[in-house]
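Chain naming follows the written order as A, B, C and D, and within any one chain the residues start at number 1.
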Amino acid sequence: MDFRSDNVAGMAPEILAAIQAANQGNASSYGADEYSAQLDAAFSKLFDTPCRVFPVATGTAANALALDALSPGHGAIYCHEQSHIAVDECNAVEFFTAGARLVPLPGGGGKIDPQALQAHLAQGWRGVQHHPQPRAISIAQATECGTVYAPAEIAALSAIARQHGLLLHMDGARFANAVAAGNHHAADLSWRAGVDVLGFGATKNGALAAEAVIFFKPELADAFIYRRKRGGHLFSKMRFLSAQLLAMLEDGLWLRLAGNANARAKQLADGLAGQGLRLAYPVEANEVFVYLPDRQVQGLKAHGALFHPWDEAAGLYRFVCGFDKSDADVAALLRAASDA
Amino acid sequence: MDFRSDNVAGMAPEILAAIQAANQGNASSYGADEYSAQLDAAFSKLFDTPCRVFPVATGTAANALALDALSPGHGAIYCHEQSHIAVDECNAVEFFTAGARLVPLPGGGGKIDPQALQAHLAQGWRGVQHHPQPRAISIAQATECGTVYAPAEIAALSAIARQHGLLLHMDGARFANAVAAGNHHAADLSWRAGVDVLGFGATKNGALAAEAVIFFKPELADAFIYRRKRGGHLFSKMRFLSAQLLAMLEDGLWLRLAGNANARAKQLADGLAGQGLRLAYPVEANEVFVYLPDRQVQGLKAHGALFHPWDEAAGLYRFVCGFDKSDADVAALLRAASDA
Amino acid sequence: MDFRSDNVAGMAPEILAAIQAANQGNASSYGADEYSAQLDAAFSKLFDTPCRVFPVATGTAANALALDALSPGHGAIYCHEQSHIAVDECNAVEFFTAGARLVPLPGGGGKIDPQALQAHLAQGWRGVQHHPQPRAISIAQATECGTVYAPAEIAALSAIARQHGLLLHMDGARFANAVAAGNHHAADLSWRAGVDVLGFGATKNGALAAEAVIFFKPELADAFIYRRKRGGHLFSKMRFLSAQLLAMLEDGLWLRLAGNANARAKQLADGLAGQGLRLAYPVEANEVFVYLPDRQVQGLKAHGALFHPWDEAAGLYRFVCGFDKSDADVAALLRAASDA
Amino acid sequence: MDFRSDNVAGMAPEILAAIQAANQGNASSYGADEYSAQLDAAFSKLFDTPCRVFPVATGTAANALALDALSPGHGAIYCHEQSHIAVDECNAVEFFTAGARLVPLPGGGGKIDPQALQAHLAQGWRGVQHHPQPRAISIAQATECGTVYAPAEIAALSAIARQHGLLLHMDGARFANAVAAGNHHAADLSWRAGVDVLGFGATKNGALAAEAVIFFKPELADAFIYRRKRGGHLFSKMRFLSAQLLAMLEDGLWLRLAGNANARAKQLADGLAGQGLRLAYPVEANEVFVYLPDRQVQGLKAHGALFHPWDEAAGLYRFVCGFDKSDADVAALLRAASDA
């Protein structure tokens, strides 16, 4: 009953099989292999637009390197105050950009409030040498709160971005869950709504370790290979990263895995709500945020349930369903919650 | 007939099996898993001294993060002029340290000449605000030229290091080959000879992607976890890195794999020398550097042989044997060389 | 009628005289001159404690270099949300520290609210690899709002600092105004209340360009000379910086100049209040923040008055009195305000 | 008898007068003053081409900020192995660029050997992700050895720069001495020969502290104001820097001062040669490098002469004439040398 995060899961069998299949003979190193060669085409097809794709192995690397491509050290990057880049990445963006400022903004359900963003931009930092220069907006899809930006919500932010000459980055560590959540095409949740660079996450969705940094504006990627290398993120045996990504795209595996995770989260949320518990956010992807009385927290722990304290003072807890959670896993947790 | 590098090889079967075995159920993420928990003990036993061990996935990350622990941005790091950190890592050390200077030094066979080092240190930069401050020496074991530092050679450099208050780093991307090469204990080729931090490479030796940064002076590691994270090098599914490292140590797999690579390189070197070709360096690990006439280069290529131009103007070429090379592979190359 | 900032003023005559006096013959460069040699003793006497003193030329350099001595790139530095380092220095602290995070905190009158600080520290970032590590608190004396931290207010923050293993930095761009404001000894407003490093500003107080970074914990200064140099902040003709600082200390010039500025600000504040205008903050140093109706703003401008829009949406304006403002200057402004 | 450096001198009287004159009333801060407003026009006239001009206060800042405008952190900058940026600036360029590599090249008399540069560029780093990317060449005018690049020598390097897509930076800490040395127009020694950015030094030539970073390609300067600010190099009372620079240009003061320094160095060199001593480099600007027997070194010191040991092992010493050296100063030194 481990619901702490989707990263407590291992690999999906198809990913392991792909790694095994890629382990044949010799291959050119550092991305010159036949798997890596297919990435641009595969993702361009998926997104229905030409894009340049670069594998890295961690979400933090994907975020920091993508934002490094968008902002110099004297830049400002607008993000949600609860975003992973602001809270959970130990200054990685600041490090990779040599000092860019993350400007934390409020907003319900983990989504940047466009008015808060407008208000900040209205301060008139642009062109004033004393202030970091507005360069990028970074949003997460799905968000840290397990909600999903609708295309129109992204478009509202990208309209502000265009108006102020900013670029739009999407942290898609759970992009699969966002796409699987609804009826939107991957393109509608990304570049068609104005996203310039996307970190397409596979690790949380059943890969060993694989993320794709996808540039929808190819020219933004011109220095990426050098900056990836100097960050220590160029893999010699790149075929093993690329094979994971290709396997994800094959026959829609990424959506099947994420779809299962989402469905389990929905089950869990419904069950908890049915027990009279209050959810903090709509459950649109694979995360459930629920208020639990202390007694129940202790009871769940006593039953061996693992979950993440999100805001203990407020009694708010997070349960995440990985690709591998089953009906039985959810049922077991709901029983434990009911007993607790 | 791919002898370009040891990184054209895939994984050893035992490594794949270890990854597969680690893919059971859920596990705590970010290094709190049961595999990662065994690393300190396993390597402390191997090296016969307490050490702190941190997995990362690439050799460049291992080097840059280790040196980041040894030098501030105003530091100077002494290395061989052909070293990987100076030539092949796109300023990763400078990036991670926020500006430390790599001071390239000459020396035969890829080994730093102690006199050249002494001469540089005698310039009197220590304590003078205009100059970067001497902080560390970085050597590679085996070297970029496929030679192996003997314990006394390391000790000669570490004596200089102690005399001048420097720390000693070893880039052990091919440490396994160095240990397998001779009759020296791993400790004799590292901390007993004065090494403070070692990057223990597994990737080139048959792992998917795994390197261990090993601190023999534990206090040097105090900030490592934060600096690894901000570099994007903390893996959520760390168990898969740690499992590779543990598998390497199990029953001496690392030395069997490296020993085979070394033996094949010796065969190859002997065969080429037997054909009257001149070797540039003694073949002590798994790399062969040989001078080839142009005609033979073309002939080898025509036979489908792949190898690395080391110094084309000088007619010098590199052949590397991975863990997976067989007698037949070497024989085929020697035939091609003979025919060419 | 230029009240935009204290930095619109030139030099005090005594400072010019000191520069002129220092312009005799040859002198050792880079701080080995006889003026620079006196700094440690002069400031140690002023502060009644041994301290190490390093001249730089700008307030931003003083802040960034001081904080660079307190925090690594994976650190977090707590500051007021309106602080100069957070708002007006174009990511200088992030740049010098290679990525440290400025954590903006609320608080009335430009002073950090200790409870807000405690609340942030209670989040438990210490020791957790995902989060920047708490390292320092930075406060301004006088604050950006023209208020002055009382010794007990500083001590409240430094107690939190000690409790959490943080160091305390004071941006003293207007430290002279803070000391001149009250009956407190310079030591009481700095190290005796727990300040570890102080940027002692002279530029705004009538110097050409001179700030002293003062370390009350000498060991914190060990790498300062190298980091100042690599920042381009080591002056070859250092005597001219040091002479300005010494002149400031001579016969209490710094307090006379700041005292005049404070007195003029008090006059101005009283006058404006007497005209029925509302002040935003208590006027404790040399800055006056006043709410002005639009009509009056236009009228003042028409009379040639210059002042700084602090928060135009709120109708809040800032008037700063430099060391050189006279009774007549203030009277003229008050007349203009009255006429407007 | 202080010949250690030109920076042991103070200010020329005209510079002091200019600072004094600028000390009138209030002025807009941070470069919006009337002095700073004249810089672009004044230097554009001097150089006979439109240029953008930014004052900073130190030579290291001028170099590091200029090169920061030319190279990203994954760049390589080619310079002479004895250059100030490589030897004497404590990793400032690496710091400001977030890691760019300085590639030290040999060459007689402090000038980069074009063949050595070509040989390095021929290694084929361009476009290869493992290597820092060639971005700029930096030369000093006059050089560290007191020689002056002729226009054709600069053009030879700039032709290589153009061929390889590099930009050309000139460290002009002693540019005045270079121009005063010969019959070449300032433009011929800079942009007409292919220089893209020049650090125009005034400090060594009799200013208190003032250097102008001059962009001959205006678009290269677009981010300069932000990067200067984040480096702490934006002066609030900028008028005092700009006034120094304008005073230098007025009636050719810069060339009169440098011309005197050069003439004194020539006298000194002729005198020393006349005493049978051997000069290491042609004396083309204001520096004399001479081999001295130990006995004479001791004798000169006993007579109170101050000079700089350049390469003590080789018996090589440097004597620099500042703007303020007189015939009598030189005569006194020559007498001491003769007596010693």
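Before moving on, here are some points about what is shown:
One rule holds in what follows: contacts are C-beta pairs under 8 Å (C-beta built on N, C-alpha and C of every residue); 3 or more make two chains touch, one makes a residue touch a chain.
Not measured: the values here are computed from a predicted model.
Among the remaining chains, those touching subunit C as well as subunit D are A, B. Taking each chain's centre as the mean of its C-alpha atoms, the one that lies farthest from the centre of subunit B is C.
Centre-to-centre, using mean CA coordinates, subunit A is 41 Å away from subunit C. Per-chain CA centroids place subunit A at a distance of 34 Å from subunit B. Separating the CA-averaged centres of subunit B and subunit C is a span of 50 Å.
Residue positions 30, 73-74, 89-91, 94-95, 98-99, 129-130, 132, 226, 229-230, 234 of subunit B each touch two or more of the other chains. Every residue of subunit C that touches subunit B in the complex is listed here, in rising order: 30, 72-74, 98-99, 129-130, 132-133, 223, 225-230, 234. Listed in rising order, the residues of subunit D touching subunit B in the complex are 73-75, 87-91, 94-95, 98-102, 129-132. On the side of subunit A, the complex with subunit B involves touching residues 2, 4-5, 7-11, 16, 19-20, 22-30, 56-65, 89-92, 94-96, 203-204, 208-209, 226, 229-237, 239-240, 322, 324.
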